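One chain, chain A, appears in both complexes that follow, with chain B as partner in the first and chain C in the second.
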Partner chain A sequence: MTLPPAAERIEKRALPVGGIALALCLISLTRGNLSQSYLIAYLFWLSLPLGSAALLMLYHLTGGEWGFVIRRMLEASTRTLPLMAALFLPLLYHPTQLYQWADPAKVAADELLKHKQPYLNTPFFIARAVIYFLVWIALSWLLTRWSAQQDHTNDTRPARRLLAMSGPGLIVLGFTVTFAIVDWVMSIEANWASTMYGVIYIVGMVLTTLAFMIFVARRFALAEPMNKVLQPAHFHDLGNLMLAFTMLWAYTSFSQFLIIWSGNLPEETTWYVNRMGQGWQTIAAFLVLFHFAVPFIVLLSRDVKRKMESLAVLAAAMFLMRMLDLYWTVRPAAGGAPSLRPMDLVAPIAIGGLWLWMFLRQLKVRPMMPVYNPQGDPSF
Partner chain B sequence: MSDEHKPVPASEGENPFIGGEHTYATVTDKIAAIALARRTSKGWVLGFLFSFALMQLLLVAVGYLLYKGVGIWGINAPVYWGWAIINFVWWIGIGHAGTLISAILLLVRQEWRTSINRFAEAMTLFAVSCAGLYPLLHVGRQWFGYWLLPLPNTMRIWPQFRSPLIWDVFAVSTYATVSLLFWFVGLIPDLATLRDRAKVKFAKTMYGIFAMGWRGSAKHWYRYETAYLLLAGLATPLVVSVHTVVSFDFAVGIVPGWHTTIFPPYFVAGAIYSGFAMVLTLTIPIRAIYGLQDFITDRHLDAMAKVMLATGLVVAYGYMMEIFMAWYGGHPYDMYMVLNRMRGPYAPGYWALIACNIVIPQLLWSSRVRANAVFLWVLSLVINVGMWLERFIIVVTSLHRDFLPSSWGMYYPTKWDVMTFLGSIGLFLTLLFLFVRLLPVISIAEMRGMVSSPTDKEGGHH
Partner chain C sequence: MDLPLYGLMAEFENPDHILHAAKTAYAAGYRRMDAYSPLPIHGLAEAVGFRKTYLPLVVLIGGLTGCFVGFAFQYWVSVVNYPVIIGGKPMNSWPSFIPVTFECTVLFAALSAVFGMLALNGLPHPYHPVFNVDRFERASRDRFFLCIEARDPKFNRDDTRKFLEMEEFHACEVTEVMV
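Moving on to the complex of A and B:
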């Protein structure tokens, strides 16, 4: 299908812009001052294909028109995973920059790191990453393939397959994302552990995806042919989902905080000490206000959710807040006050540019709407 | 997009969640008849007598407890939280399914909730009543129970507001209040139906009083719908908040096995899991006895089974993260706690819990299992047992061997613990029997909305 002119323009420019930014990143990489900025940007953009896979499977399990109308965008988004796998490679260039456990000297000096060696070691780390990507790409492949088959038949078999894979698929996705996040982010502070950690990222990635999809759907709703399909009711449902995940984010984040604060054990509180001092507390308070309180209150309004434009503005703001949340989660791991390095801006443009390019290209190769919706068929 | 491929909203077309040929009249007849039948069936009388007798155990156990003190229970150093807290968490968890069904499923427009919500809400209320007893009995000097409330007093002594045990007081009492209101407001139109249909003067009067002058005018309905929706909105956060606070009771302490950040969502999922198991345990026999298969269809059971499967998997995620992080965190106490659960003196309980909560329920993946009511019923009992064991393992194994081996000990329940627990089951069943006999177990008003009326062949609209 053809994209709206604005999207065409973005697609044309995204590749060179992303490519140049990536080149800058790679230069910076060889000088050894990229890792954290890159990781933050990477986690942020990776949220989209993974969150899309989660939402697709949720949709296949529960139905609902909200999923039907953005389904093709979600599918296109999951098809960017091979690109994301390639973009993971720079993180492996110099693992000791990020991960103490990758440095034999530090491991030898630290009992706890020695204890974690069987899990936290570079070969196993890479092997796990390969497994995660294989699993995710397989999920994306199945989700897209069966959906495409459905376009050519009125038989419900592909839809049944999608339904059957979605339950196990969600489980597999949940576990792989959890461990990926433990590996890639939590292990930066290798002496710290929290059982809630994976859940917080999973909730965040779905929230990022919802915000992105609402924004994109709004753009598409301005032009033919999607303006005939996308209705305020869809935005209402998507807005409700965004509200639910905003609350879930606050719930999981606050629970983790409260439990650690109450326990007040030094090995656990370090994580918050690093994130609530030296200026980080301002960002933390900002997150409480604008990642939760304000969107929560605004999203309670039915009018906001049904007015596409207002919801899209809120979604765009939420999208940026997700970035800030990841920045607040990852950056303080190295200690020090908040600071903005050039790479903090370049890395998201690099990965984001390439990601958007791939996303829009993938969006073009399939019809924007599925031909047949067995979910709405009473005989299904 | 061609017309025949248009997505069809679930509310149009034939409703899959109601069987047989039903009209407004038959729905009303069928459901009201259970409460209004002149003769009480023998089965009901026997069941009620059994439950009532069981409840007497509670009376005896609590009476002796008030006389003698909590020393009659098995609690002692180092396990100060025994069956009382286990049963509290178990009962309060069971209640959550009712609130989820009645509030959240209403808000997300899941129509299949309609025939089970009344029943599930009643179950919630009765389960919360049983749950509420335990902490009150556990405080030791029960006559000072009101000290838990922040009452102004000359000594200026306040409860410790930082303690989740105090949040529990607020959470549970709010929960009980909102659940009661929600249930009662939902009952009003049905009570009016019963008032209009009752032949016995006394019944007519009583239903009349509680129907609060309901006449079914458009204005009544308008206010009713508004109130019901508002209460649903109020009840929704309670599904999450109550068990979250219960999980804080454990997690804010630093006891290995309690102090872990995954507890809140994992407790909430466990609560819904056990609650749906209890709904199935109760609805499957009731629908068979009163012939309600047209209203509580196999698709309802299927949907509930799926919710159980999903929440059960969240619980499994919680167990797994706990075990993994115990190793990953590298804390000797955490690691020991996990090993002690698996290999220590309570290991049989732990493995039984894994079997009941994680392994056996995987059968629910099979649609044939979900379609078999008898099998599902047995499975629901297994999950009920599993969730009780989970709380036992959490409470007892975490406490009985903590940091200092010199202060390790064992916990054994006494006959008074057992009597109190059985007695609370008696209380729960007694209330349920009364409910089934006196009130419509399915919402008549809402079920009418599900069927085609004689004049509206298209049907299905609210």
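Moving on to the complex of A and C:
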């Protein structure tokens, strides 16, 4: 499929821009002041392939035209996982910068960390990361491969295979992402734990993906040939999904807060104490307002969801709010007031540039619309 | 003999025919009409002039009411009527009120949706003149009916009958509906 001219331009520029930014990141890495900014940016862009895999499997299970029209974009997005696996490597360069449990001196001084050593140690940490990426790449490979096979046959077997894998696939994805987030993010504050933590990231990653896909679909809907396919009804459905996941994000985030607030135990409340003082409370309030309240109220309106442009603007805002939410989740772990380091801006550009380049390249490989629609709507 | 007339009802065998007839009738100036079909037909509601429903507004008001009532009730119980200090927390421990407030919002919104829908549809409706036509029972099986009501200002017993019997509509029968 040929991309619209604007997307072609982005594809051409994304690689050099991302490459230069990544080079800056690597220089910064050797000087030892990168890890946190890089982790935030990494978690943000990793949301897209993982969220795409989740939405694809959700679509194969439930059907619906909303998924049919963005399916090839979701598939292209999951095919960026090998790149994301490569971009994970800088995080392993200096694990002690982020993780206390990787530092023998700190472990020796902390009785609790000593007991966590059998799980939280660098070799096992790397081994687990390898497993997560293998599982995710396998899921992405199956989702794309069977989808491509279906284009060349009248037999519905590939579609039935996709349906059969999606239920177990979602469970496997849910577990691996939860474990990955516990490893990579929650273990920064190794003596704190929340069972809601993985779920909050999973909901967030799907929300990020929905926002991104709505925005991209809107751009594609402006030009041939996708303007004939994408209808207000599709945006209405995608807007409703975004509303549902906005509410789910608030629901899970608040549940975690409520449980810790009610229990009021010192080892649990530290997480919120760090995030609701020293200026972080402003960002927390901002998130409640603009990550939940405002989008929630605006998305109740049917007209907003059916007008592609207004929904795309909201999606773009939500995309940025996701970044802020990750910043608020990860950065206070190190203590101190909110601050913006140069690398906070460079790292998202580095990973994002390379990701966009890979995504657009993958998008060109396959036709934009699948041939077979299980719903059998003759209008396609 | 001279029973009051409710309207004229045309029977169709095909969803495309009723859609065309409804659109033409609306274009001809008829407003008080209704279509009956055993299955949803895309665009038929718009064709008979159904534009806007107030149901979303009813649900919104219901939800806001539930939100307010849910919170106010908990506040009244824990701060005014029976204040007890629990876990060293303030009387007005609003975070712990949120789940019930949320559930009340959902409950009131859902109930408003159900009863609002019934009220706006004028249900329950034990008697409706269209059932006086014997063939109308097929509206829930395999036929489509378009009824132009006598209270329509443009309604005329003979002209409207002629209109509905026009060749292009392919109506298989036009019947008078008595009140």
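Everything below uses one rule, namely that the second predicted complex is superposed on the first by the 374 of 380 C-alpha atoms of A that agree within 3 Å, B and C clash if a C-alpha of one lies under 4 Å from a C-alpha of the other, contacts with A are read in each partner's own complex, and residues count from 1 in each chain.
In the analysis below, contacts are C-beta pairs under 8 Å (C-beta built on N, C-alpha and C of every residue); 3 or more make two chains touch, one makes a residue touch a chain.
These numbers were taken from a predicted model, which means no experiment stands behind them.
With chain A as the common reference, the superposed partners chain B and chain C clash.
Once the two complexes are overlaid on the shared chain, A:Ser262 sits against chain B and chain C alike. The partner of chain A that touches more of its residues, comparing chain B with chain C, is B. Within the superposed three-chain model, A:Gly352 lies out of touch with both chain B and chain C [touch as defined at top]. Within the superposed three-chain model, A:Pro90 lies out of touch with both chain B and chain C [touch as defined at top]. Once the two complexes are laid over each other on the shared chain, residue contacts for A:Val199 go to chain B alone; chain C is not touched. By the touch criterion stated above, A:Glu65 is placed in contact with chain B alone, chain C being left untouched. Look at A:Pro49: by the touch rule set out above, it reaches neither chain B nor chain C. In the superposed model, A:Arg302 makes contact with chain C only, not with chain B.
The superposed model puts chain B in the path of chain C at one of 110-118, 146-154 or 164-172, which is 110-118. Of the residues of chain A, those at positions 258, 262, 264 touch chain B in one of the two structures and chain C in the other. Note for the complex: chain B touches chain A at residues 1, 5-10, 13-14, 16, 162, 240, 244, 248, 251-254, 259-265, 309-310, 313, 317-318, 320-322, 325, 328-331, 365. The residues of chain A lying in touch with chain C in their complex are 254, 257-258, 261-262, 264, 300, 302. By the touch rule above, chain A contacts chain B in their complex via residues 63, 65, 68, 112, 115-116, 119, 167, 171, 174-175, 178, 182, 193-199, 229, 251-252, 255-256, 258-260, 262-265, 267, 369, 371-373, 375-378. Remark: chain C residues 56, 60, 87-89, 95-96, 98-99 touch chain A in the complex.
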